[in-house]
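Chain nomenclature is as follows: A, B, C and D, assigned in order of appearance, with residue numbering initiated at 1 for each chain independently.
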Amino acid sequence: MILTQKENTMIAQTPPMGWNSWDCFGAAVNEKQVRENADYIAKHMKEYGWEYIVVDIQWYQPKADSHEYEPFSDVVMDKYGRLLPAPNRFPSSEGNKGFKPLAKYVHSLGLKFGIHIMRGMPRMAAHNNLKIKDSKFTARQVADPNSICFWNPDMYGLKCTSCEQGARDYYNSIFKLYAEWGVDFVKVDDIAREYPRCEKEIEIIHDAVSACGRDIVLSLSPGPAPLERAEHLKKNANMWRITDDFWDKWELLLNMFERAEKWCTHSGPGHWPDADMLPVGALRQDYNKDDRTRFTEDEQMTMMSLWCMMRSPLIAGGHMPKNDEFTLKLLTNKEILDIEKVTYSAHQLHRTSDEIAWIAPAKDGSAVYIALFNISDKKKKITFSLDEAEIVAKDAVELWSKKKVKASDGGVSLQVNAHGAAVLKFCR
Amino acid sequence: MILTQKENTMIAQTPPMGWNSWDCFGAAVNEKQVRENADYIAKHMKEYGWEYIVVDIQWYQPKADSHEYEPFSDVVMDKYGRLLPAPNRFPSSEGNKGFKPLAKYVHSLGLKFGIHIMRGMPRMAAHNNLKIKDSKFTARQVADPNSICFWNPDMYGLKCTSCEQGARDYYNSIFKLYAEWGVDFVKVDDIAREYPRCEKEIEIIHDAVSACGRDIVLSLSPGPAPLERAEHLKKNANMWRITDDFWDKWELLLNMFERAEKWCTHSGPGHWPDADMLPVGALRQDYNKDDRTRFTEDEQMTMMSLWCMMRSPLIAGGHMPKNDEFTLKLLTNKEILDIEKVTYSAHQLHRTSDEIAWIAPAKDGSAVYIALFNISDKKKKITFSLDEAEIVAKDAVELWSKKKVKASDGGVSLQVNAHGAAVLKFCR
Amino acid sequence: MILTQKENTMIAQTPPMGWNSWDCFGAAVNEKQVRENADYIAKHMKEYGWEYIVVDIQWYQPKADSHEYEPFSDVVMDKYGRLLPAPNRFPSSEGNKGFKPLAKYVHSLGLKFGIHIMRGMPRMAAHNNLKIKDSKFTARQVADPNSICFWNPDMYGLKCTSCEQGARDYYNSIFKLYAEWGVDFVKVDDIAREYPRCEKEIEIIHDAVSACGRDIVLSLSPGPAPLERAEHLKKNANMWRITDDFWDKWELLLNMFERAEKWCTHSGPGHWPDADMLPVGALRQDYNKDDRTRFTEDEQMTMMSLWCMMRSPLIAGGHMPKNDEFTLKLLTNKEILDIEKVTYSAHQLHRTSDEIAWIAPAKDGSAVYIALFNISDKKKKITFSLDEAEIVAKDAVELWSKKKVKASDGGVSLQVNAHGAAVLKFCR
Amino acid sequence: MILTQKENTMIAQTPPMGWNSWDCFGAAVNEKQVRENADYIAKHMKEYGWEYIVVDIQWYQPKADSHEYEPFSDVVMDKYGRLLPAPNRFPSSEGNKGFKPLAKYVHSLGLKFGIHIMRGMPRMAAHNNLKIKDSKFTARQVADPNSICFWNPDMYGLKCTSCEQGARDYYNSIFKLYAEWGVDFVKVDDIAREYPRCEKEIEIIHDAVSACGRDIVLSLSPGPAPLERAEHLKKNANMWRITDDFWDKWELLLNMFERAEKWCTHSGPGHWPDADMLPVGALRQDYNKDDRTRFTEDEQMTMMSLWCMMRSPLIAGGHMPKNDEFTLKLLTNKEILDIEKVTYSAHQLHRTSDEIAWIAPAKDGSAVYIALFNISDKKKKITFSLDEAEIVAKDAVELWSKKKVKASDGGVSLQVNAHGAAVLKFCR
């Protein structure tokens, strides 16, 4: 039946917005840093829609201190093989309280709380043969010794086919725990590009989320997820990565246009192709406190324009309290952020070696948005034909500069900086 | 510059509509048959937008009598290696008048005239070493002995790189002739899927069309054209095939949904991905006078609905004077045909094993079209969520039955026949 | 320098011959069974060249009871992560004596002793962070959490590049132990087909063998090893598998002809492409005491003929004490076995859909061997041209029947059974 | 039946030796040049086994003047579409005498005569619709308009499947003509690497050769022929190319070792993998009369050594009358040339980054040949172990220097020049 793709249609009706700890703190993030970002966002960004505060990878590893993973490290878990926050890094979790206290704090700010997990169970749970909660199976029976992640050494995947019930029991046991903690968002890693190997595992996780008793946004990582499995992803997840990790390099940003072009028709309520975190402001703080994004300001506006036009989730990656004025403005341009909520059916209009144009109609018919990107290395004049976009209206506002733009018969002409963007809103 | 994709933006501002002789007469079509179809279309279909009357392949071959090609047959051409209609099949061309008289007749009905050509020049022009008109090159110098078509034996491709000026001279010589004849539409064959081999040849043909002094719609065949070369196609042609030949088989129709999904964002004024002719009514008349389309009526409505939603050109393939009442109605449903003209940014909403949904917003914001396809083999109820499509309006008209449909909170529910379609128009 | 391929040229100057426990007992073999086979071989087969008695996989696993592997089972190892025989299965190893007593017994029979190992170290050695003997590295530092075997769950591969010295230390530590035990043959598994991933690991193992202070034949498994790395294999190992596991099925035997054809030119002193164990006599005794080879007698003679012509190592796989008269005769046909020692430069002469012919000249010029295989499903007469093989001599003996065969001008004609073989020895 | 691979076993019992016009004269060779080479060979080389005088491509093209092909040129043929020598280039053919007079002259010198043909029939034979001799089919019916050669524009392939009898008739008609002319060798081009497309065409040509009434060596070109079709080639041809065109570049010579390694076991009476012509002496005379081989003398000895060890046909490519003393000696080293006739079962022994060794036993058991190649760019000492090659004899002669070499226990040590070779003959 076409009606309901997901049991839970209350969440992610528009693309999720929030913050994630990876770009600034890697695997080493601690509770103090999370709280500082939550505080900042509640004060400066919440009103623009930013809400999810997400703790990324290895919060269960006491010794994590960078973006690298230490093999065979000891991890914190309960007697059922369920990972727990390392109390030395997340003091409020002391006494097996898990993330409940931190989630409560984030909620108290009017925000939502999220965590990252790897698919599978800790390798040590299998080697030590722990019991699975509320299950007749043991960890040894459910873990698959051949299913490992090639870039992180912590987990074994589960025997989702040969011991399906055991796999369901384990995933139910952890999502129930997350629901008890008050988690609103779970980013599951080592899974989105692992088709067809992890197809069944995705379905089991989706079912565990649906059954856990709490609204939880399900985010799959890393990409590239396979385009040809778009319908499976739409049915089973709220967002999924369309690239490998995205960082502050122009080549990666330029490359995102192609991915956005292919995925744009799959964006919609409850299911959002995800172009990954926004590497803005203070980054890689675990290595160097002075490190900031290497994107130019124009490139950052290009990134925000493209993410909004394609309706990607927006997850800021920088250490927010260190935002400068530009970064905060970039993230709080209301008219630009509105595109995520008021448009639909966006797509690329065309592309030359120098320029790319996107179109996004407003759902209520009141406006059409046109984004013009200068992908060349020089400032240049871009002329845009209204006929090409089949736009009736004549006048527009450019949303970064907030200036009016007048169209002649030949269309609209604008100077756009190298690697920069202009976003035109044509109102009827 | 983004402004103008093609020098000639007056043509093909909406998807071309017309008739083509291939599906009903193969390579054997004659002047009488063309005139009969033109007469019928002028009388019954012109007011709905049908206008191009196109003579398909091998009009220069005196002995063509079916959909098959005879190797090494003698062809009619002038002393410059330019093919001419075979006078035994096109009597009005007698005396080297070419298609001028027939074009004139078609124009007199208020319609437009088109022809099919193979890329390249006749093999015999090269072997007999003819001169090229207004050129210092001879046929032997310009023909490429290694560039042949694997399914038709008539032509050699041209040395578009190693003797570019000669190739330009030859293509200019034939398009000038077509302009003199009054040709409005040229379908160039053996070229659209031949990337990268024929990339340069496509550009040279585009230039020859632009320089010929007459508005000519340039259509490229056969498909599948490569999706990754969409921008090159948009720049150089008005329409291009996205499949190999399409015929009246459900498997081919079902398969078109995937192609339409990928290509839909590339439809726009002057450039239209082409899902091929509509095999409706009386087909394959060269083999059997009683042969008619094997599509069910529901399948034909599915085809028309998809072609219109994706804004494909519409080129009827049947022998029109033999249309029955259903076929004529199918081709003259004004509200369905309007979708081609009033919408933009259409795309597939989603797909299950049973159902497919498409959305197309009206350019002026006044309406949203939703097409619901039952791709299962049984009649079934399809329920559609307005939330999923982000539609504000509540009430719709189904455009094939012309019945009103009311949406509840759960959306819209409709019975749709096996392989059938419903097209809903939600007005604000 | 071409002179020496391996430091140790005393061993494997002709293809190794012996017995292995896998085909008859799988992972479940015990000490009693090994001794019974050694006793039998010493008494009945030693004089024909059979000498290596090899204990195959998982001798360290107390619960192994079949050809299957139990994931996450506990294994017997010392405090340096070196595996030890499970005393419940190998009682003489009690008190950490390892295989020393069993090797001593085998040596007392005039035979040699071998074991099987998986590449890498036990997963539990890494998770429990054991020390590596005579090394500054720990198991956690040397084990590679991403390097696993997809069909056996016991081990992690080693960081042969990123922690090369640690990997060398571990391999040196185990081969020193094996030398102390008196091991003469080590079959290393999960490695021969794992190019390029395991190329460095093969070199390190080769070095550990060379440095261990004892002559040990190094055998690599499983296949297919890549033909294009033949020179690397010849330099680093004494034998390596050219197929995946070989069993008693005609399809597998037929398929070996192709592999033999490709690999034959790589056979020579110290380096032998290995067509795998001979599944003859009583097999799969862990499942069914009555199970015997499914090969027909003709097929077994075909197998022996091919293995000898291509000079593959000969490792019997059945439970030898249960040999019937045919099996023992098959394995002790002196003239056939001689081919391994007196010939060189063998190769396939040609192949039709029915027949295959191989040739092998004697090193001393005194004879030429021709093997004729009937690969059809019917008995048939095979005629063989001496001209084709460039043989000067006229008369031959067929070595299975021990009958004289006379050549006419047309060559030699013989009746050969379906799936059977004839081996002709032409003497000057 | 294994006995006879080819009906005609009298020919090519050892690898064919001779001369071909391509390397020195390209498509432009004329009768005078052919006669000069035949005269020279009769006088200086015949006694060493050189016998076939082969006229290469486009002898039917009056205007051929280099190694390039002119598209759509007029060709000389009879009324049955059979090509004839262009009388302006081959005066003795005047009056439709074909190559009969030239063949007669070559025969009078005690040599044999050969020609090159392209597979298929002249394109003009099809376009002009000629009759096929002794056939009910016409050229138009038999030519395949889709089967062309991508590097030569003269011919169409034949419809070997859809009009098999017609194809047989045409090939029979030309081979009968060649038999009448007295042709002893036909090199068929555009065919050896065209599997599976030309598999049937090869069989039909083989049958036409067998039925023509004269012993004709059938040589297939160009390579690389596919190794996996070795048995088909052995059954249907006397020699076939294992590379694309071979020229005087070290990279191509070095690359031949790999090909030789793979193909060596397929050499035998009547069927010879062919490493292509020997580009020695005066080459490319159609471009520059002073052009000579770019191979060093050492490289030429390496080439001769490898060709002889692998038993490739030997076809000299230079303009023989311009041979200098070195070239003539190179081509007339009797002991080296003997290897082709007295050995069998040759193969590569091994290869390092610097050195390659080959072995070839004498058929009569009296000797073993070892070739040592220095493939490094520096002169170096090569030490060779007799144990490795399983050689009993101790003393050898080096066949290029004709010096005795004594083996010690460590084997044989020799200085070999960069890119050079030593060939040792060990006698019993």
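Just so it is clear, a contact is a pair of C-beta atoms (placed from the backbone, for glycine too) under 8 Å apart; a residue touches a chain by one contact, two chains touch by 3 or more.
Worth saying up front: this structure is predicted, and the values here are computed from it rather than measured.
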Inset, instruction - Could you pull out the chain whose C-alpha mean position is farthest off from that of chain B? - result: C
Legend entry - Centroid distance [mean C-alpha coordinates] between chain C and chain A, Å: 53
Legend entry - Rounded Å distance between chain B and chain C, as computed from the means of their C-alpha atoms: 65
Legend entry - Centroid spacing, where centroids are CA-atom means, of chain A and chain B in whole angstrom: 42
Legend entry - Interface hub residues of chain D, defined as touching at least two other chains: none
Inset, instruction - Quick one: label the inter-chain contact graph as line, ring, star, complete or other. - result: ring
Legend entry - Touch relationships between chains, expressed as pairs: A-B, A-C, B-D, C-D
Legend entry - Residues of chain C touching chain D in the complex: 1-5, 9, 13, 231, 234, 261, 264-265, 268-270, 344-352, 355, 357, 359, 361-366, 372, 382-385, 387-392, 410-411, 428
Legend entry - chain C - residues contacting chain A, complex: 71-72, 123-124, 126-127, 129, 140, 143-146, 148, 150, 153
